[in-house]
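Multiple structures follow.
Each of the two complexes below includes chain A, the first together with chain B, the second together with chain C.
Let's turn to the complex of A and B:
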């Protein structure tokens, strides 16, 4: 196979249609009026971002003196893929039946999980997808799991109430969903919960998990959570993590 | 209109009359009660506004004072009227006096009832004229500069800062938007007061205040004249202050209000007694002000499955229609809601969505139906999302929806960026224009997938409505039949604000707005 380059994983860059061509598509708006000067501004900006041969392939007047661009450029940077380490919930996920069997064999009692959308967040789509009977996209929620007592407190639950409920029902785990992330309101909210649980001396007793479209496992751990689940997570992922952790705590 | 879906008219009639009786039963309850926000609304409509030194709105100060004095069952109109007669002051001065501790409004001597009535009606009629003028002003705009074609393009702005919202709204209007909705800050629905003045801080949206309404109205009038299209302004008449928001909207010429009879109960856990009483007065105001209400059935489908629970959407539309009629809202102002929320992997899902949208069109022929975009199955893949929105737009123009809440390719990622809105408007304009008369050209196969689906949903909705009629709406909600959400009669927020009316209670605006000439 002469003439075909091998990927050098220590120097990876974007692929368009030829290895190492560096092609990136991007779109953004600039607060300047539509016209040739706007396109030149976009090109110069892309150069500063590290793109060679930046090209504006489309631009449009947004009204109010702003302009929208679709651009291509060749990325001049590379990354060393071989040295990358990403913290994640690293385990084989069980499906619902396996989780149920795991509970009856290893835990031998109901696992109690309390969930809520906390703070001012009114978007329950995430917590509902994980907890409600119906689940999401064909994946049943925790309420359907034999051996799990799932309590979904719904939206706009103050952290105080969530903790009070967890104490009342002797929860093994708390799930917090944060969908609204404008101005990083979720960070403040999630941090407050951890601090309150630490102050109550509960942090080590209860497994703490957060989730949402802008949540990563890494972020969750930084904030003091046991795990974080982002987009594309289903109930069985969360359930696997929680039941294994519960079993760990029993030994 | 001939039914393309071959729907059975007898079934539609039966569903509609069951919904009528459901609303009738609830009306008996509504008529016996008032709430703190209904009373604050009356105070606002009589001219009370502003805040005290700790930013507590004077309508709250006044109503709280009457409540503490044990007089709320008589209604704020009675006490304000009495104070006007006794002190010779205007309602605003009286509220300020109460706030300053100079007037103990429930301890004043009681004047002659006719004099009280005369004083109350004099200020009330002035407000009614103001609202009527706003309606005329809107009609004048519609007759001179005109409006966009239906489906109206509805976009949201949500920066948290009203002045930033203005920039985004004006950009959207220049790009082709017909309706601008200013999303409220998260959790405003749970505040038992309406904040005051212009605001520049909010999360996921901007506070609904009367001043913010005024600022945005002025901006949209300017841009409307520039682009040669009247731009409608929308806000959220829901939560614990439904009628107050309606009053503020009527005073500042809003055009569209989210205003559902059951939404607050199900999705904000507001007490059902409270919401049902509040929604009635809020709708009377919206109806008179010529405001199009948007109902929230689409929300059921964010928690419940859009295929399995489609009939609950239709049942709720029937109920919302009947509650709206009770409050004097004409069909032309009923933006009944529904949504394009089926799982995109479903085989023939587009056909089911089409059936649902066409069915709503045929059952509510005059209503400017509000059609909501896909949200639940948006993934962050903005390219696929743009396609999902395209299919949604296609159905809308095909089935003559009234108000098209534009889907954003970046749904599920962030509140829309400036260009997201432009791309969505472009998407809709392209499809609406390119397929404009498809609805007139294409019929559906007899007993095919589309017809059968619509017939099945109608049959299930009719059955559900007859069930609800037997059980009553309160029990139905307690059992979780809407959106799979259970709420109890005495649970939720705001019940302490419900007060049973005294036999001499009166609210001048119910007569003036409901019975008055339009």
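Let's turn to the complex of A and C:
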């Protein structure tokens, strides 16, 4: 990798055309009518955000007195990449066939997994990618796994119904997906499920996993889940965690 | 009398700190208690159902208070968070209980410093861990809650609880007062009479108790979705309904229209089992709904945080005096302004 300017990882800032130019492109809307005053308002706002040389490169009238902007600006801040620590699950993931073999050797019965998008969330893309037959990005979903009975309840499922279903089918694990949420409403949804399971005396019997672009293992800890899977997780990751946990509980 | 003395006087060995929302001041309360314990020379143990002591909040990205532990304290925390802690500790036990942040490890603090804590996520595991902390010499174990989770405050898990509430619940102080009063009301509901308690414990299932001594058990797998079947079994002879598990809004709505409901007492295990919407609950209470518990929660104190990290605050004196009008017989402490001056 010769000829590439060395990056100082203790002072990382955005890259636009050249290293450390701090160039950022952002977009937002303001509740003001389209025009020169609107652009100036956007420019002043970006300046208050701490951007140097803020410039409106595109603006569009959204009607009813709203304007949309695309802006450029130079970020003046840096982060120290070398001090960042993100806890990850230290687990070796098995592929689909290994999971299937693991089930037939160690569990010797079907593992039942119920999945849903709960509360107001109607975005099933996450849970579908993990559960549906066809899967996502070349990784088959849990429905395709031999030895796993995957039940996808779809979207906007109330926590009460999810729990009732899990009891009905004697689920080993519940997967909850929260994709798009406003004002952190997904947090209240996720904690309510945990609390109801505690109230029903099910928390220690059923493995609880949450997933979504804003979910991490640290957040799972805070929410009271056994694991949390963020972006870039596939069915085999979730399956590995669940089957190992099921086998652990059988001892 | 400070909180620690009140806890010691009642011989509570395990105390949970539950918040009514994120940033309601649970960790500030914990720090307040650590300080009180140090002054009183009482050895305490601490752990958390969530994660505490990290510098920025995961959800709101706001600054969080760090936790300063002192020599001799016993702490249960997950391996990954222990590695991020500044305090010097001696490992007493690796518990085999896993969390998303790694295995829970019990340590004794050797040199004071900041620590991050993350304990078991399930209430039953938490009970095991707090017993272990008592075993290693902690006279009182404090369990810090997470977000708005309150399961650890169940009397089955801990002896008593402290409720943390604050401005973060709403910009409207009246709403904060009402929500707090509702939570305290739920947790401190009256204990049911001995006979229905005996019957509920004997069957250990949702059941309808008649004045004839007859007990009917509805054919349901959970009360959550069993409201209609429960409703069918209620008749003019019914005196009590025991609901095992969660008391939800949908369950209440299913029995709301029952003409025999007035005069019937609903018994639940404890106040942590209530999941009813505050409006539905208040409406039904007004109509004469009576709810009692097998075991009330001992609420030691309610702590107030008049500051919301979302950028507004209440006048702390007014907040406290208003809260006193809503809560009777409960110790109220402003942990931010400090203020247990009234003794």
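What we mean here is this: the second predicted complex is superposed on the first by the 182 of 251 C-alpha atoms of A that agree within 3 Å, B and C clash if a C-alpha of one lies under 4 Å from a C-alpha of the other, contacts with A are read in each partner's own complex, and residues count from 1 in each chain.
What we mean here is this: a residue touches a chain if its C-beta (ideal position, glycine included) is under 8 Å from a C-beta of that chain, and two chains touch if they have at least 3 such contacts.
All values reported here derive from a predicted model rather than from experimental measurement.
Engineer: Please indicate which partner A:78 is in contact with in the superposed arrangement: first for chain B, second for chain C, both, or neither.
Structural biologist: In the superposition, A:78 touches no partner, neither chain B nor chain C.
Engineer: Counting only touches as set out at the top, which of chain B and chain C does A:63 meet: first, second, both, neither?
Structural biologist: After superposition on chain A, A:63 lies in contact with chain B alone.
Engineer: I'd like to know which partner A:154 touches here: chain B for first, chain C for second, both or neither.
Structural biologist: In the superposition, A:154 touches chain B alone.
Engineer: Just checking: does A:134 make contact with chain B only, chain C only, both, or neither of them? Give me first, second, both or neither.
Structural biologist: In the superposition, A:134 contacts chain B only.
Engineer: Figure out whether A:125 sits in contact with chain B (first) or chain C (second), or with both, or with neither.
Structural biologist: first
Engineer: Look at the residues of chain A and decide whether chain B or chain C touches more of them.
Structural biologist: C
Engineer: Quick check on the superposed pair: does A:47 touch chain B, chain C, both, or neither? Answer first, second, both or neither.
Structural biologist: A:47 sits against neither chain B nor chain C.
Engineer: Show which residues of chain C lie in contact with chain A when the two form their complex.
Structural biologist: Those residues of chain C that touch chain A are 22, 49-51, 54, 58-60, 78, 80-81, 84, 99-102, 118, 121-125, 146-151, 154, 221-222, 224-225, 245-246, 248, 250, 269, 272-273, 275.
Engineer: Given the complex with chain B, which residues does chain A contribute to the contact?
Structural biologist: Residue list for chain A touching chain B: 27-29, 60, 62-64, 66, 68, 120-122, 124-125, 128, 132, 134, 137, 154-156, 180-183, 185, 213, 231.
Engineer: Okay, in this complex, where on chain A does chain C touch?
Structural biologist: Interface residues on the chain A side: 85, 87, 89-90, 160-161, 163-164, 167-168, 184, 187-188, 191-192, 194-196, 198-201, 203-204, 216-228.
Engineer: Where on chain B is chain A touching in the complex?
Structural biologist: On the chain B side, the touching residues are 160, 167, 170-175, 186-187, 189-190, 203-204, 267-269, 302-305, 343, 345, 375-377, 379-380, 412-415, 417-419, 422, 484.
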